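First comes the structure, then the notes that go with it.
Every chain is named by a letter (A, B, C, D, E and F) in the order it is written, and numbering of its residues begins at 1.
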Amino acid sequence: MTRIRVINPNTARAMTAVIGGAARAVAAPSTVVTAVNPAMGPESIESHYDEALAVPGLLAEIAAGEREGVDGYVIACFGDPGLDAARELASGPVVGVAQAAMHAATLVGRGFSVVTTLSRTTGRAWDLARRYGFGEACLGVHACDIPVLALDDPGSGARETVAALCAEAVAADGADAVVLGCAGMAAFAGEVAGRIGVPVVEGVAAAVKLVESLVALGLRTSTRGEYAPPGPKRYSGILGDFTVPPS
Amino acid sequence: MTRIRVINPNTARAMTAVIGGAARAVAAPSTVVTAVNPAMGPESIESHYDEALAVPGLLAEIAAGEREGVDGYVIACFGDPGLDAARELASGPVVGVAQAAMHAATLVGRGFSVVTTLSRTTGRAWDLARRYGFGEACLGVHACDIPVLALDDPGSGARETVAALCAEAVAADGADAVVLGCAGMAAFAGEVAGRIGVPVVEGVAAAVKLVESLVALGLRTSTRGEYAPPGPKRYSGILGDFTVPPS
Amino acid sequence: MTRIRVINPNTARAMTAVIGGAARAVAAPSTVVTAVNPAMGPESIESHYDEALAVPGLLAEIAAGEREGVDGYVIACFGDPGLDAARELASGPVVGVAQAAMHAATLVGRGFSVVTTLSRTTGRAWDLARRYGFGEACLGVHACDIPVLALDDPGSGARETVAALCAEAVAADGADAVVLGCAGMAAFAGEVAGRIGVPVVEGVAAAVKLVESLVALGLRTSTRGEYAPPGPKRYSGILGDFTVPPS
Amino acid sequence: MTRIRVINPNTARAMTAVIGGAARAVAAPSTVVTAVNPAMGPESIESHYDEALAVPGLLAEIAAGEREGVDGYVIACFGDPGLDAARELASGPVVGVAQAAMHAATLVGRGFSVVTTLSRTTGRAWDLARRYGFGEACLGVHACDIPVLALDDPGSGARETVAALCAEAVAADGADAVVLGCAGMAAFAGEVAGRIGVPVVEGVAAAVKLVESLVALGLRTSTRGEYAPPGPKRYSGILGDFTVPPS
Amino acid sequence: MTRIRVINPNTARAMTAVIGGAARAVAAPSTVVTAVNPAMGPESIESHYDEALAVPGLLAEIAAGEREGVDGYVIACFGDPGLDAARELASGPVVGVAQAAMHAATLVGRGFSVVTTLSRTTGRAWDLARRYGFGEACLGVHACDIPVLALDDPGSGARETVAALCAEAVAADGADAVVLGCAGMAAFAGEVAGRIGVPVVEGVAAAVKLVESLVALGLRTSTRGEYAPPGPKRYSGILGDFTVPPS
Amino acid sequence: MTRIRVINPNTARAMTAVIGGAARAVAAPSTVVTAVNPAMGPESIESHYDEALAVPGLLAEIAAGEREGVDGYVIACFGDPGLDAARELASGPVVGVAQAAMHAATLVGRGFSVVTTLSRTTGRAWDLARRYGFGEACLGVHACDIPVLALDDPGSGARETVAALCAEAVAADGADAVVLGCAGMAAFAGEVAGRIGVPVVEGVAAAVKLVESLVALGLRTSTRGEYAPPGPKRYSGILGDFTVPPS
C-alpha cells in the first residue's frame, strides 16, 4: 500500500474535494490518497503574496503527514509553493503539480503551451519552466483571467473558455501538447483533450502517478546536501510551533 | 492490463533477459512486460555507428508491437536510439531509458552525475541531457570503460568498479543523485545505492514506471505535427520491408 | 529625506544590529535607515525550511513599513526570501542583498566568486544568480561551513576563515571579484578586500545604495501585471492578520 | 586533386543529379565531385522514421568511399542524418548541408530564417540549429509544405512559392539572411537571392566549399574520443554486412 | 565630494548639454558632474563604424579624467562603446548607460522593452543585453527610426513618437518596464513614464547613481586579470598620443 | 581571380609577414593574398585598450581595399577587432581569425580548447566563443603568457611551450581539437598537431579558406539592416579622414 497525501495549499475545501477526486481517479488500486488543506493561510492563491503565505500551512501538513507515515506528497497548486522546503521535511518524495505536468508533457510532445488563470501568474509559470529545465519546451503561457475559485462554478463558463484558449494557444505557439496551469482545472483535462485533439496534461493526476512511480522505484529525495532535514532551530511568535527541536 | 514492450536494441539476448528482469521487478501487478531484441543489427551499442544501425531493428520491433496491440514502449539503451522515429510509429507512449532516468533523478535531487560505460559515449549523454532540458541538472558524465557485454560477467568486477566510480562522481560533481548510464547496469542500482547513500536511478525501471504512468493518464504521443505517423513511402533494397503503404 | 527599512528576516537581534551598522555606514546623509527584524519566525536562516518560514515575518515588516511611509526596503538575508511577494506589497522599491551584491559585482569585474556559510545553501545561491541573469558571471559558490550565528563571535575565527576562503575561491574560479554570501558577514568586507586585493562586495551596503539610487531616480516596482498589489483575500488561522481587505 | 563524395541519403536518382550539379557548380577546378545515393532505404526523407532509415544506406556509401580513397563527404539532406556515425567511419571530414548552410549564414548576417519543405520537419531544423550553436542566430523556421520530390517539378510552382515564403520569413523574423532547408532546393538559391535582396545560403554548395576548405587545411575529424573509428562488432540479420571485423 | 565625468562619445555639443543636464538632475549634492565630449570622431553614433571610431576620443577623455582625479565615469551612448577599454584605463568605476538602464530596469520589473533610435542598432542592444546577463529580461527592442541629432529638435515630434512606441512595445512584449535606448532621450523619461504608467528607465541618470553608489561602496574595477591597466606599448601615426610609456 | 586582403591590425611588420605566409600557404592557386598592416595604432594587441585603438587603422585598410576592388577580408588578430564595423564598410565578406578557427574546429571535433597568449585576454576569447554560438563547444581557454611579439623569437621557446600547453589543455578539458588563439602562432599549427595527435586549427589559414568559400558561393555580408553601409557623417579632429560624405 502506498499512502500519498495531496495537499491543496489554500483553505478552500471545495477545491480540495475536486483535487482529491482527480487524484483518486488515476491512482493505482494499491494507493491510498488523502487530500487535505491547511487550516491557516489564504483561501486561494493568486499572487506571490498568497503563494508565500500558503507555505507555512503546507509545511504543517507535511509535518503531520510525516507523523502519520505518508509515503509521498503532491503539492496541488500550479506555483509549486514551498517545494524545496517540503523536500527537506519529508522523508518520501514530494512533487509539485506544475513540475509533474511539465515533465509529463515533454514525454508526449515536442513543446507545450500552458493555460493558466490570472495574467499576473504567467511570470511564475515561466520561472518554474526554466527552473525544471523546460525553458525551451515551454512555448507559451496564456491566461484566461478567471479567478481560481470561479473555475468550478458551472455558471462561469470556465470549461468552455479554457478549452477555447487551449485551442488558440496551441495554434499560436506551434505546440503539440497543453499543460493546464491550475489545480482548480483538475476536472477539465478529459473534456479539453477531446475538443482540441492534442494531449492535455493536468498536474494533479500527473503528480500522483509520478509519486507512485518514485515510491515503487524506492527513490526518496536525496539527503546529501541541499535537501538534508533542517537542523534544530528555535522559532518565535505565532510560528513557534515550527521550532525544530534538537534530535 | 497494460502491455509494455521493453526493447533492447542490440542483439545480445542475455542482456535482454537482465533488462526484462529489471523491468518486471518494478512493474505494477496489472502490467505485462515483454522484453525483446531485434534479429538484426549490432550485438552491443558502443559508438554512434552502432547506435544508428540499431535503429532499423528497433523500429521493426515497434512495428511488431503495434500489430500486437502494445500500449507503450521502453527503448532500453542509454543513448535512446531512434526515439523520435519510434514515437512516429507507435500509437502509445515511447520512453528512452536515459530520458526516464534523468527525469526521475531531477525529481529526487538537485543535480545528478551520470556513470556510463565507455568514454567515447560521454558526449552522447551530454547531448541527451541538453535535449531533455537537463543541461544544468547534469553535473558530470563519467565512464568506467568496461565494455557493455562485460558488465554482467561476475568475474569482471563491474559492480564494484561502478559503485566506486559513482561515489567518486558524486563527490567530484557535488551531485546528490546518480544516474546509471547503461541498460546493462539494470541490476546494479540497489547495491550501488546502498553503498553510496544517495538515490541511484536506473533507467529501465524508471522508464517502465513512466510508461505505466502515461498510459494510466491516457496520454499518448501527440500526433499534431512532428510526431504524426509517417506518410506512405516506398523503401528499397534490404530495407524494403520498411515501406509504408498508402493507408 | 529617504527612509530605507533594512529587514533582517530572522529574529536574531544582534545580527540586526550588525546589519544596521553596515547599512548606516554607507547611507547618504539624507537617508534614514531603520534596521528591524520580525517578532515571528526562525532565529537564523540555514535551510529552505527556515527561509520559507521567515517570509511571513518579513511581509509583516513590509506592511508595517508601508503604514509608516517607508520609501524603500532591503531584504537582508542572502537567499533574498520573499522578494517577489514583498514587491507586490511595497509601493517603493525592494532589493535583496544577494541581488544587490551580484549586480554590483558585475559592474566592477568580469566574474565573481560567492563565499557563503553552509554548503547546503550553495544551490540557492546558484538559483538566484541564474534568476538575476548572472549564471555566467557567477563562477563559483563556496561554503565556509560556519553557522550564521557564529559569524560575529570573535572566538570563531570567522573573519580569518572567510578571508582565506575568498582568496582560494578567486584563484580556483579565475574570478576578479568576490561576493560575500551572508548578511552576517556585513562587517567583513573591508578587511577581506584589504587582504585579497580584489573588490569584495557585501550585499547589505550594496542594497542600501541601490535602493537610494532607485528612489532618487523616481523608480518604483512596476504595478503592471506580476507585481500589482495583491487583491482582496481572506486569510485563516494564525495567519488571519495577513487578510487583504477589499479596498 | 580533392575527391569529394556528395551523398544524397534517399534513393531518388533525379534528386541526386540535381544535387550533384549544384555541388559541381561551386567546386574548385582541382576538386572531383561524385554524387551518389544508396541502393537501400526511403525514396525521400520527410519524417524521423525516413531519416533514421536513411542512415544505413548512407553509411554503406561512406564505407564504399573509404575503400575508394575519398577525401571528404557531404551529407546532402537537411536533417544531416547519420552525421556522427559517418564521422566515426570516414577518415576525412564529413559535413552536413544544414550544418554548412547555418555556418555560412552566420558569416554573412546577424540572423537567418530557414525555409524548409514540410511543417513536421521544423522541429528537426531547430534541433540542429541548437546542436551547432546557432540557437540564437536562427530566428525562424518556415515550411512551404511542398513534398520533397515535387520541388523539381516545373509544374509545381515550387520556386515561386519558396521565393515568396523566403521574403515573408525575412520580414517576419527580422532576419538578414536565408537558409534553404532542403537539398532538393539546391538549384533555387540564385533565383531566390535575386528576388529578395538578402544572402540566400544553399547547403549543398556551402558544404562542398567547407569540405574543400577542411581538406586544404589538413583537418580531419578528430579521432580522440567520441569520433574514433568504431571498434570490432558482430552485426546480424539483414545488417550483417555492417559487421566491423577485428583490425 | 565625488567627481563624476559623463562622456558623450560623439562631438555634438548640444547633446552633451542635454546629457549633462540629465546627469546633474539626479546627482547627489556632494557629487560634481562634468559633461564632456571628445574633439575627435563622429558627430553622432548610428552604426558600428561610428561606434568603433568614437572610442579613441572617449579614451582620450578618460585619460584626461585620470590626470584630473575623476572618481568615476559614465559612457553616455547606448551602445556602451569602449567600455572594456575604458575600465582598463580608469582607476575608478566606469558604467555605460545601456548597462545602467538595464540593471535598474531589472530591479523594478520582470521584463523590459528597449525603445531606441535606428533599426540598424537593435542588434547591438540585444548583444549588450545578453552580455550583461539580461537576455531573458529583455523582451523586445524597438526602433523609432528618428536620427539621433533630431531627437531634441522640438519640431521633430520625437517625444510623442517615442512615447507612443513605448506604449506599443510594452503591450506587444508583455513588459512591465521600459528602457530608453539612446542618451539623446535623456530628457524624455519623466514625460514618457507619466503617459504610459510603467517605470521608464533612462540610462544617463541611472548610470550617475550607479557610479555614485560604487564610489560610496569603495568599489573600483578589479585589476586582477582582464581589467589590469594596459602595459607599456608604442603607438604610431595619428594615434601616437595613445602610447603607453613604461611606468 | 579572388583578391583577399589579410589585415594584421597592429603595426608589427614582421608579424604581418608571418601572417601573410600562413595565408598564402593554404590559398587556392586563383587567390591573390595581400597581407597588410595599418600605419597607425599599437605595435601589438594585448589588452582591450590596444584592441579598441587598432580598429581605426583596420578600418582605414578596409577602406583602401574597397578602393582597390578587394573581394574579401581577413582580420588577423584573435580578438576579431572591429569585425562588425568592417562588415559595414566592405562590400565583400569579412571573417575574423577567432571566428574562422572556432567554426572550423566545430566541424572536426566535439569540443575545442583555445590556447592563447596572455591571461588577461582569456575573457575576450570566451566572449567571442559565446557571440559566435560556441559557448558550449569551447571547453577551456588557456594562456601561455608569452608576449605576442616574442612568439616568433626562436630563442623564446614559444613553440615548445605552446605545444606542451595544448597537450595539457586537451587532457584537462576533455577536448578533441585545439584552436590556436593568436595570429602570431600562424606558423605553429603543423608542428603542434604532429605532437599532440588532435586537429589543431589556426585562424589565419582557416579564415582565408572561409573567405574564398564565401566568395565562390557568391555570398556577401547582408546589407539588410545592421550591416548596411554607414550613412553620411562628419568626423572631426585627427579622425577627420573617416568622414563619410553624402553619396
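As a convention for this text, a contact is a pair of C-beta atoms (placed from the backbone, for glycine too) under 8 Å apart; a residue touches a chain by one contact, two chains touch by 3 or more.
Everything numeric here is computed off the predicted structure, so don't read it as measured data.
*Asks:* From the centre of chain F, which other chain's Cα mean sits the farthest off?
*Replies:* A
*Asks:* Quick one: compare the interface residues of chain B with those of chain D and tell me same or different, with half as the dividing line.
*Replies:* On the two sides of the chain D and chain B interface, the residue numbers are mostly the same, over half being shared.
*Asks:* Out of B-D, D-F or A-B, find the interface that copies E-F, where copy means more than half of the contact pairs are identical.
*Replies:* Match found for E-F within B-D, D-F or A-B: B-D.
*Asks:* Based only on mean CA positions, could you tell me how far chain B sits from chain E in angstrom?
*Replies:* That pair's centroid distance is 53 Å.
*Asks:* Report the inter-centroid distance (CA atoms only) between chain A and chain E in whole Å.
*Replies:* 44
*Asks:* Once you find the CA centre of chain C and the CA centre of chain E, what distance in Å lies between them?
*Replies:* A distance of 28 Å separates the two centres.
*Asks:* Mark out which residues of chain E touch at least two other chains, giving numbers and ranges.
*Replies:* Only 110, 122-123, 130, 136, 174, 225-227 qualify.
*Asks:* Please give the residue numbers of chain A that touch chain C in the complex, ascending.
*Replies:* Within the complex, chain A touches chain C at residues 11, 38-44, 46-53, 55-57, 59, 82, 84-85, 87-89, 119-124, 127, 130-131, 225-228, 230-231, 233-240, 242, 244.
*Asks:* Going by the contact rule set out above, which residues of chain A touch chain B in the complex?
*Replies:* My answer: residues 26, 28, 93, 95, 99, 103-104, 106-110, 132-137, 170, 174, 176-177, 190, 193, 197-199, 201, 205-206, 209-210, 212-214, 216-222, 224-227.
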